[in-house]
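Here's the structure we're looking at; comments come further down.
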Amino acid sequence: MRGFYIGRFQPYHNGHQHMVEAISDEVDELVLGIGSAGDSHTPRNPFTAGERVMMLTKSLAEFDLTTYVVPIEDLDRNSVWVSHVQSMSPKFDVAYSNNPLVIQLFEEAGVEVRRSPMFRREVLEGTELRQRMIDDGDWENLVPEPVAGVIEEIGGVDRIQHVADSDSNGAGDD
Amino acid sequence: MRGFYIGRFQPYHNGHQHMVEAISDEVDELVLGIGSAGDSHTPRNPFTAGERVMMLTKSLAEFDLTTYVVPIEDLDRNSVWVSHVQSMSPKFDVAYSNNPLVIQLFEEAGVEVRRSPMFRREVLEGTELRQRMIDDGDWENLVPEPVAGVIEEIGGVDRIQHVADSDSNGAGDD
Amino acid sequence: MRGFYIGRFQPYHNGHQHMVEAISDEVDELVLGIGSAGDSHTPRNPFTAGERVMMLTKSLAEFDLTTYVVPIEDLDRNSVWVSHVQSMSPKFDVAYSNNPLVIQLFEEAGVEVRRSPMFRREVLEGTELRQRMIDDGDWENLVPEPVAGVIEEIGGVDRIQHVADSDSNGAGDD
Amino acid sequence: MRGFYIGRFQPYHNGHQHMVEAISDEVDELVLGIGSAGDSHTPRNPFTAGERVMMLTKSLAEFDLTTYVVPIEDLDRNSVWVSHVQSMSPKFDVAYSNNPLVIQLFEEAGVEVRRSPMFRREVLEGTELRQRMIDDGDWENLVPEPVAGVIEEIGGVDRIQHVADSDSNGAGDD
Amino acid sequence: MRGFYIGRFQPYHNGHQHMVEAISDEVDELVLGIGSAGDSHTPRNPFTAGERVMMLTKSLAEFDLTTYVVPIEDLDRNSVWVSHVQSMSPKFDVAYSNNPLVIQLFEEAGVEVRRSPMFRREVLEGTELRQRMIDDGDWENLVPEPVAGVIEEIGGVDRIQHVADSDSNGAGDD
Amino acid sequence: MRGFYIGRFQPYHNGHQHMVEAISDEVDELVLGIGSAGDSHTPRNPFTAGERVMMLTKSLAEFDLTTYVVPIEDLDRNSVWVSHVQSMSPKFDVAYSNNPLVIQLFEEAGVEVRRSPMFRREVLEGTELRQRMIDDGDWENLVPEPVAGVIEEIGGVDRIQHVADSDSNGAGDD
C-alpha cells in the first residue's frame, strides 16, 4: 500500500520525521508532497522547493521505506486541487493529513484520509522553529541532522533573518 | 434593454432574489455574472461555480424574464476587468452594482451603472447566512427554496463547517 | 438524469441543434459547456464566450428541456480538465462526446460517456460554416435562426473576414 | 555604468525625484522599474502602469541623464524574480534598494546593491501622499509638477477616493 | 496628439525607423509598444524585452520627438488585449498598424487606426534580417547603428544561431 | 559533485538509462528533472508527472548513486527558465544536455553544460517508442523492466492509442 503525506516542510523537522516513522508502519511506500513549491524567500516560506527536496531526501534515507519526494506548485483552485496532486504523484491509496480543507477535498474526491494528533503539533513546531531562526535562537536540535546541514550550506538563517525584516510579501510589491 | 448584475452568490439568497425582482421592472433581459467563479471550498466562498449556476437557474425560473447565468473567473487585473466581463457576457446596456470599485471600473469604461440601497443589505445577508450555516443555525428561510435543495443535495452545510475549521486559505498552503 | 455536452460552438449550428434534440430524449436536463471560452477574434474561434452564450440560449428556447449554458475557460492541463469542468457545471450523470481525448479523460475519471456518429459531422460543418462566412458564401441556412440574428447584430461576418486576413495568431504576436 | 532603481511609484513623488538626483551622481544611465505594473484602481495601487510611465518620463526630463522607464508585471515567485527583472530591463551594473527582500534576492543572484536612508522616507511619503488624496488634503506640493498634471488629466483624485470606499480588493471579489 | 505603434521589434530595424520618422510628422508624442515582451531566445523572438528597450531608446534619440518605450507581455486573450495595452501605455489618440487582427481589435474598441503600406515591408524585413543573422550574412546595414551595437554587446548573433539549431520551442519542451 | 539531467521522459527508456549510467561515472549525485511536468494524455506526452516519477525512481534503484527526481512544470518564458529549474532542484554543478536551447540558456547563466552524442539517439528512441505503442508494436524491450510494469499498471498503451486518434491538442479545444 502507498501513502501520501503533504506539507510545506519549511523546513522539514523532527515532528515530520516522527510522522513518517509512524506512517511507515502502515504503508509499503510513501509519497511526500512538498506543497507551495513555488514559494520561497519569505518568513513563512523561506526555502525553495529544491532546497526542501534535499532536506527530505537526505532525512528519509534512514528509513527502510521506498519514498518519493514530489514538489507540488500551487494551483490556487481548490476544486481541482486533488486532481493536480494526483497527477504529480505516484498513485496512492491513502492520504495523511489533519488539515480540515485537505481532508474535505480528498474525501469529496473519494480518497481515504487518515488523521493523527501529531499533525497539529507539527504545525506549531514549524512556526516555533522559524521564529527561533529569526531570533538567532537554538533550532538545530529540532531538525534531523541532514536538514541542519542543508540550511547551513545555503545560508538559510541569514536569509530568513533578512526577509523577516521586510514589510512586503513579494519583491515586486515593495 | 439588457442589464448585468454581478455577485459572488455564495450562496444565492433572498436579498439577491429581491434585487432581481426589482431589476426585472427595468430591463427585458438580465445577465447574472457569477464572480470569483474559480473559488470554492473556503468559508467565504464555499460553493463551486457549477453549484451556484444551479442555484441561480432554478431560482430564476419563477420570474418571467429572459436570464443568462454566466460564471466569470477572476483575472486579477482591475484594468482589464470590464473587457473580461464584457467578453464573457451577452452585450448589456446597464450594470447594477453598489460596489465602489465595480462602479468606478464600469464608469471609466463608459458603462452606465445603477446603484441600489438593497445591495449593501445583500452583502450583510451573505455573511450572516454563511455564519449561520457554520453555527448550525437557521438559514433555510433566508434563501429561495431551490437553493436550499441544492445545498442539501451537495452536502453544503457539512462542507462549510469543515473548511471553516481550517486555518489555511488553500489546500496547497497547509 | 442530467447530461453534459461540450463544444466550442464557433458558432452554434444546425448540427449542434440536432444533437441536442437527440440528447433531449435521453436526459431530463442538459448542460452545454462552451469550451475555449477565453478565445475569440481568430478565424477558428471568431466569437466571444458571451456571444456564444447568447446564440445557445436563444436557440435552446425551442426545446422543452431544462438547459444550463456554461462558458469554460481552458486550463491547458489535461490531467485536471475533468475536475475543472465538473467545478464549472451543475453535477451531471453522463457526458456526450466523440472526441477521443475528451472520452479518454472522462472515462479515466469514471464518468460515463456516450458517443454518436453525429458528432463527426458537426465538426466538419463548423469548419465549412466558417469558411463560407470568410468567402461571403451562403451560411445562414446552416444555423438556427437566432444564431444568424446574433451574428448579424455583432458584425460577425465582417470580423471573421478581417481576422482571416491576418497571418498571426494573437494581437501581441504580430 | 548603468543603475537600476525599482519602485511601485504610486505615484512618483518628490522623494523618488531626490533619489534619482542622488543616484545620477553615481551612474551614467538609470533604469527605473515600475513594479506591480499590472495593479491599478486600488487605494494602495491607484494608477495604471501607463499612467506611471507618463509621470516618470515627464519628471525625468529635467535631469541630464539617460533613463529607461520599464513597467514590470509581478511574477509572484521570488526565486525567479531577479531573472524576470533582468529580462525586462537593459543590463545594469548596480541596483538601488532598501527593501530587505529585494536586497536579499539581488545579492543571492550576485548583483551589487546599494542602500540609502532616503528609501525608507519615500515609502512613508507614498502612504502619506495617497492618504492626503483620499482626504482631499494638500498633496500637489509633494510631487513633481508634471505628476500633478498627469493625475489631474486622468481624474486620479476622484478615482482613489472612489476605490478607497470599497471594502474589496478586486472587482471580481465583490 | 499622441500615437501608438506596436511591434515585436525582433530586432528594431531600418523599416521601423522609417515608420517612426513618417509617424513623427503626424503626432507630438509616440508610444512604442514592444509586443510579446516575455518571449526571447527563439529564432523568431531572439531578444529579451530589456534588450529591445535598449535598441529602441538609443535609436529614437535621433528624432526630435517625445517617445515612450513600453514592453507589453502577452495576455493570450484577444478580447481583453486592447484594455491590456491601454493600461500599460500612456493614453494615445491613434494607433498605427497594418496587422488585420490588431486593426480589428482596436476598431471594435473604438480606437482610430491608421494603416501604412510600409508596415508589410517591415515584417518581411524582420524575417529576412533574422535569417541573415542565422546564416552569418550581412545584416548590420539593415539596422540603425545603435542596434548593431546592442546586438554585438549581448552576443546576439551567436545566440540566434544556437537556438535556430534547436528543434524545440521551449526549454521545458525538449 | 552533483549533476542535473533534464528530459520529458515520455516514457523513461533504455537510452535514458544508459545516459544515467554514463553520467554516474562523473558525479556523486544526480538530479533528474522531469520537464513539461504538467503535460499528459497527448500522443507526444502521454504520461503524467506522477507516473514518470514512478518510472524513474524504480529504474534508478539499480544504480549505486544518490538521485533526486523532480517534476518541473513549464513556465513558458525562456529568460527565467534557468532560475525556475534551479529553484526546483537541489543545487547542481553541471548540467547534461544536447538540446541547443537548453545549452544556450544554461551557458548564458554561467552554468557548465556537458554534451553527449547519446542524447540525440534518445530523442529518436522516444519518438520511435511512442509510435510502437500506438501501432501495438514491440516496445517492452526498449524500456527498463520497472517502466514496463508501470505502463501496464496504468493502462498506458490503451491511453496513448486512444488519444493518438484525437485530432485536437487539448480537451478544451475539441
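Before moving on, here are some points about what is shown:
Order of writing sets the chain letters: A, B, C, D, E and F. Residues in each chain are counted from 1.
Here, a contact is a pair of C-beta atoms (placed from the backbone, for glycine too) under 8 Å apart; a residue touches a chain by one contact, two chains touch by 3 or more.
Just so we're clear, the structure is a prediction, and the values are computed from it rather than from any experiment.
Of the chain pairs A-D, C-F or A-F, the one whose interface repeats that of B-C, sharing more than half of its contact pairs by residue number, is A-F. Spacing of chain A relative to chain B, judged by their CA centroids, is 35 angstrom. A separation of 42 Å divides the Cα centre of chain B from that of chain E. In chain B, the residues touching two or more other chains are 38, 40, 48, 73, 75, 77, 79, 86-87.
An unclassified topology is adopted by the chain contact network, corresponding to no line, ring, star or complete arrangement. Going by the touch rule set out above, the chain pairs that meet are A-B, A-C, A-D, A-F, B-C, B-D, B-E, C-E, C-F, D-E, D-F, E-F. Residues of chain E that touch chain F in their complex: 38-42, 48, 159, 162-163, 165-166, 168, 170-174.
Taken in their complex, chain C has these residues touching chain B: 37-38, 40, 48-51, 53-54, 57, 66, 68-71, 73, 86-91, 154.
Residues of chain A touching chain C in their complex: 75, 77, 79-80, 82-84, 86-87. Residues of chain A touching chain B in their complex: 6-8, 35-36, 72-79, 81, 97, 99-105, 108.
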